[in-house]
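Some structures are shown below for you to check.
The two complexes that follow have chain A in common; it is paired with chain B in the first and with chain C in the second.
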Partner chain A sequence: MKNDTLHLAGVYTKTVMKSWFQYKVDAVLRSLAVFLREATGIIVIYFTLLKFDTLNGWNIYEMLFLFSLLFVTYGILIIFFTGLRDFGGTVRSGNFDRFILRPRGLLFQLIFCNADWFAAIGHGGLGIVLFVISAGKVGVVWNAATIVYYLLAIVGGVLIQGAIFLFLATLNIYLLETNSLKELFYWNMRKFAGYPISIFHKSIQVIMIYVVPFAFVNYFPAQYLLRKSDMAQYPDIFMYLTPLVGGGMYLLAYAFWRFSIRYYKSSGN
Partner chain B sequence: MISFEKVSKFILSEVSIHIPAGVTTGVIGVTGSGKTTLLKLACGLLQPERGSVYTLGREATIPSGRQTKLLPKELGVLFAHLPLLQPEESVRSNFQSRGLIYRMPKERFWREYHRLSERLGFAEFQQEKVQTLSLGQRRRAELGAVLLHQPKLLLLDEPTVGLDQNAKEALRSLLEEREADGLTTVITSHDMSDIAAVCGRIAVLNQGRLYAYGSRELLLKKYAPVDVMQLTLRSGVPNLEDLPVKSYAADNDKWMLIYDSNHITSAEILRTILTTCSVQEVSIHKPDLEDVLMRIEQEKTEVTEEQGKT
Partner chain C sequence: MEQFIEVKHVSKSFKISKRAKGIPGTIANLLVPKYEKKQAVQDVSFSIAQGEMVGFIGPNGAGKSTTIKMLSGILYPDAGEIKVNGYIPYKQRREYVGSIGVVFGQKSQLQWDLPVIDSFELLKAIYRIPEATYRKNLNRFMEMLDMVEFINRPVRQLSLGQRMRADIVAALLHSPKIVFFDEPTIGVDVVGKEKIRSFIRELNAEDKVSMIFTTHDMQDIEKTCNRLIIIDKGAKIYDGSIFGIREKYGTTRQLDVEFSENYTVEPIQNVEVKELNELDGRKKRFIFENTQVQIDALMNHLLQNYGIRDINVSEPEIESIIGKIYAGEVC
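Moving on, here comes the complex of A and B:
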């Protein structure tokens, strides 16, 4: 009976799917809409960058490779962390109270009751398209080592962003609303992360390496594979740290969550 | 089973109450008196500002980590405003998910499911999606869902809203059966008749304070002891001189006597009347919990007026 967690995860996933497929056309269009919305942004950037040969030494395909890491990790992220991203709404709807009163882990329920599979297809799909377009043209030698590194970097990138969502969800327990913080620390920083951080002012670089470490989601992993000259200004070790940063951040955020959950207050009647 | 020690939270102020195991307790009070807050404190969804709350022998805090696997399994909680079932799933598959969540062995699950669906009458719409059900149908299914895993402690917030008389009766008999097996239940309700039918103990909340707590009979004796006897006489005139009747009214052969049941019983009054009269018909109106609440409200008004004068 103890090993029924996967079965329950399957049941929750089926329920989420059923919920989306109540409106079948809308469900499919959602994936398409997310894909096109994000692709439009990339197309605008693509045509802008065509006017330049390189951006601080990065050509257009290397930039697309950078973007692909961002989208692939986000695609996986919203399968597992949508419940944390939208934690405020879950609390307000009373669903979190329901989770608390069940004999199952809170994070387990938050993850599997809220997986956004259709947006994941949109974001992840775009990430894969960008990867396919760019991977063959950026001079990466794909062998067992680079493939393993790439996969570990993806896992680390997902964990870094997941830790940010988990940290913000935990702050929600104290502050009741963290949408502005999410806008500031996640969405704005993610916009910077589409470009090589070396083009930004030193203060932004510090934030992106040490505060909201998006640089470890795509810039440093891309540097390991592409070895661009602007890496010279950072320690080489940074190229190998993504899985560690992800794991470490997630453990810290999880400890913060475990400590704070006892202070949760139901939203009232 | 549940113990509040000088608990203050929101409107609740200095509430101390002990609800023993195996008893069904009703919590009554007007809207905003703190009934739902009391239940949320009991299950740990709210933490007291002052005082302490112990439920099932443990401090009622938010369960996390290891505790999660212990406390909620023993609890069945239904709040009027909290969604309990997945709206886009059928009643049956909601129950199957719940059986899995509570790690119920298959055999026990189906036995309980069939029993509850028959008793609470949701077998007939078990394949319907929850979002298509009427309020009463949904409430029947929700009540079944909280009883499914056979909790030790049941907290029900306004459970009879939307239920028809048959469903109320089914709920009452289910709770009585489970009480005999040791289930502890705390119910809040606006409908005093529902509470009276099920609860061995009643707690009265008034403006966040525990105004009264005890058996139904005790509360009635203390706060609404006035009985009304209506008589239709065949002959004679009753001699009321020696009876401690508060007031009476007569219209030819019809008499109405109002008296304090703490001072004299209906049987004693009737016995005295029968010495001088022949009685054709008699009816006695006993006060109910509605009268208790009215009396409390009345006392509150009197105190407010008194304070206004001084």
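Moving on, here comes the complex of A and C:
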């Protein structure tokens, strides 16, 4: 049974890859374009930050390390959650009906039918480059414990963002379109998450910890590894919570999805 | 005996957001959304036996699609019960949909950029079709629908007729027991339509697959189905044979007569006379209801009083009867 699901995941992946490779040049350029677009943003920030020695105690390499977590998790995120990110379009075009008509899990189909491998290479690649540049210069001792922690934090960070996508996708069932909510709660918060949250006004910190908990995607995991002094204002336990927050949020979003799918209204012919 | 498809007193309504006009209206709508209830399907019941071919027709917005979507498990009914092949479609989705096939004429389920065969391979994995069954079905359908020449071509390069044939096969590879066709010949040329219809007839005869069609092309129905369900404004208004609908509603007859000279025909009770302006006015059309006027009496009357060269009686096209039913002219 599980084996059979894996087999289908494999066939889906093969099909998606094959579709992209119908236009080989475009596929490769796409990875490159995503990489360069995101990297440009980082370069601009890099030169701006060179004017300061540190930002609330964070030097430039520590900042890049913070960014690298954001990009590595996003790279993995869009392999698995592109279908949920773009769920509004799937509902409006009526394509979701086709998923319902097939004898497989709806989330499973949404996930594997839409995996965006090439954008993932662009985002993830940038994350890895930033990690390589910064990891040796931020004073982290890489041993078995820190590596395991790092990997768990990545998984947790992916799940937190995946849960946000799943939650917004579920809202689509009621509202048909949630792009502006996504803009507000996901993309804007993600911009804040590029910096240590301690530099922001208290209200933004509250949102980033308790409402759209991007702080657990990169700030607190980075703090565990870097131990900057601004961590003093938050409970130490926050540095260990990322996998729990991720798992918990995802389960909640999944329950909301299961509950709501009953109310799905096909968008007509 | 329990029927294969059983629909009992099913109703479904939608909430439609009611928009006031202009920018102030849009803003007001954002703050306090107002909804209007639209009854899409109201207390519809019918049952269909295994192997039956049923045409399901009605004007746009009559509730056809909604009914089909409830039957295929996409929508939950608000009230009533649906049972198909022992399953409740909207509750046992995963178990149920493996036994049905759905063809949306307007929307392909094939991978646009890939050769047709790749979509089929994907469906084989999705439906867990055993290799032997897959091979057998694929070879059989490919031959029946002349698909060999384009099976390895990307879908985007296919003609509409070819794409439709591929889509029909895609819905049948897993040997479904029921197939829903939603406008399966839309936009296809005459030869293509005929190919699709004869394939559907053959499949039904050999495999006893139950089929439900929604279409606006009455030829599709006449050439494939023996039963017709008409739905209008959410309610079922006719359920019976195609032949029966002629008998019940198609009582109008027209008699085209070519006279030997340009007579002025005296008025006849209950018969409308129309000039056809052909053959120097020698051709006239007589329209009447066969419930009011005996056709032999009318013909006798004409033969006795006028010189006649040719005579031709015609029944109304099924299409025009349906048109009249939609327009509310008969019932």
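Throughout what follows, the second predicted complex is superposed on the first by the 267 of 269 C-alpha atoms of A that agree within 3 Å, B and C clash if a C-alpha of one lies under 4 Å from a C-alpha of the other, contacts with A are read in each partner's own complex, and residues count from 1 in each chain.
What we mean here is this: contacts are C-beta pairs under 8 Å (C-beta built on N, C-alpha and C of every residue); 3 or more make two chains touch, one makes a residue touch a chain.
Just so it is clear, the structure is predicted and the values come from calculations on it, not from any experiment.
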Looking at the overlay on chain A, is there a clash between chain B and chain C, or do the two fit? clash
Once chain A of both complexes is superposed, is A:Asn179 in touch with chain B (first), chain C (second), both, or neither? neither
Check whether A:Ser229 is in contact with chain B, with chain C, with both or with neither, and answer first, second, both or neither. neither
Partner chain in contact with A:Gln22 - chain B first, chain C second, else both or neither: both
In the superposed arrangement, does A:Asp97 touch chain B (first), chain C (second), both or neither? both
For A:Asn188, select first, second, both or neither according to whether it touches chain B, chain C, the two together, or no partner. neither
Determine, under the contact definition given at the top, whether A:Arg258 touches first (chain B), second (chain C), both, or neither. first
Kindly classify A:Asp4 by the partners it touches after superposition: chain B alone (first), chain C alone (second), both, or neither? both
Tell me which of 8-16, 26-34, 260-268 or 278-286 in chain C produces the clash with chain B after alignment on chain A. 8-16
So which positions on chain A get touched by both chain B and chain C? 4, 7-8, 11-12, 15, 18-19, 22, 94-95, 97-98, 100-105, 262, 264-266, 268-269
Which of the residues in chain A end up touching chain B in this complex? 1, 4, 7-8, 11-12, 15, 18-19, 22, 93-95, 97-98, 100-106, 258, 261-266, 268-269
Where on chain C is chain A touching in the complex? 14, 65, 69, 72-76, 93-95, 97-98, 100, 102, 104, 106-107, 109, 111-114, 118, 121-122, 125-128, 154, 182
Could you please specify the touching residues of chain A with respect to chain C in the complex? 4, 7-8, 11-12, 15, 18-19, 22-23, 94-95, 97-98, 100-105, 262, 264-266, 268-269
Would you mind writing out the residues of chain B in touch with chain A in their complex? 10, 36-37, 40, 43-47, 61-65, 68-73, 75, 77, 79, 81-84, 86, 88-89, 96-97, 100-103, 105
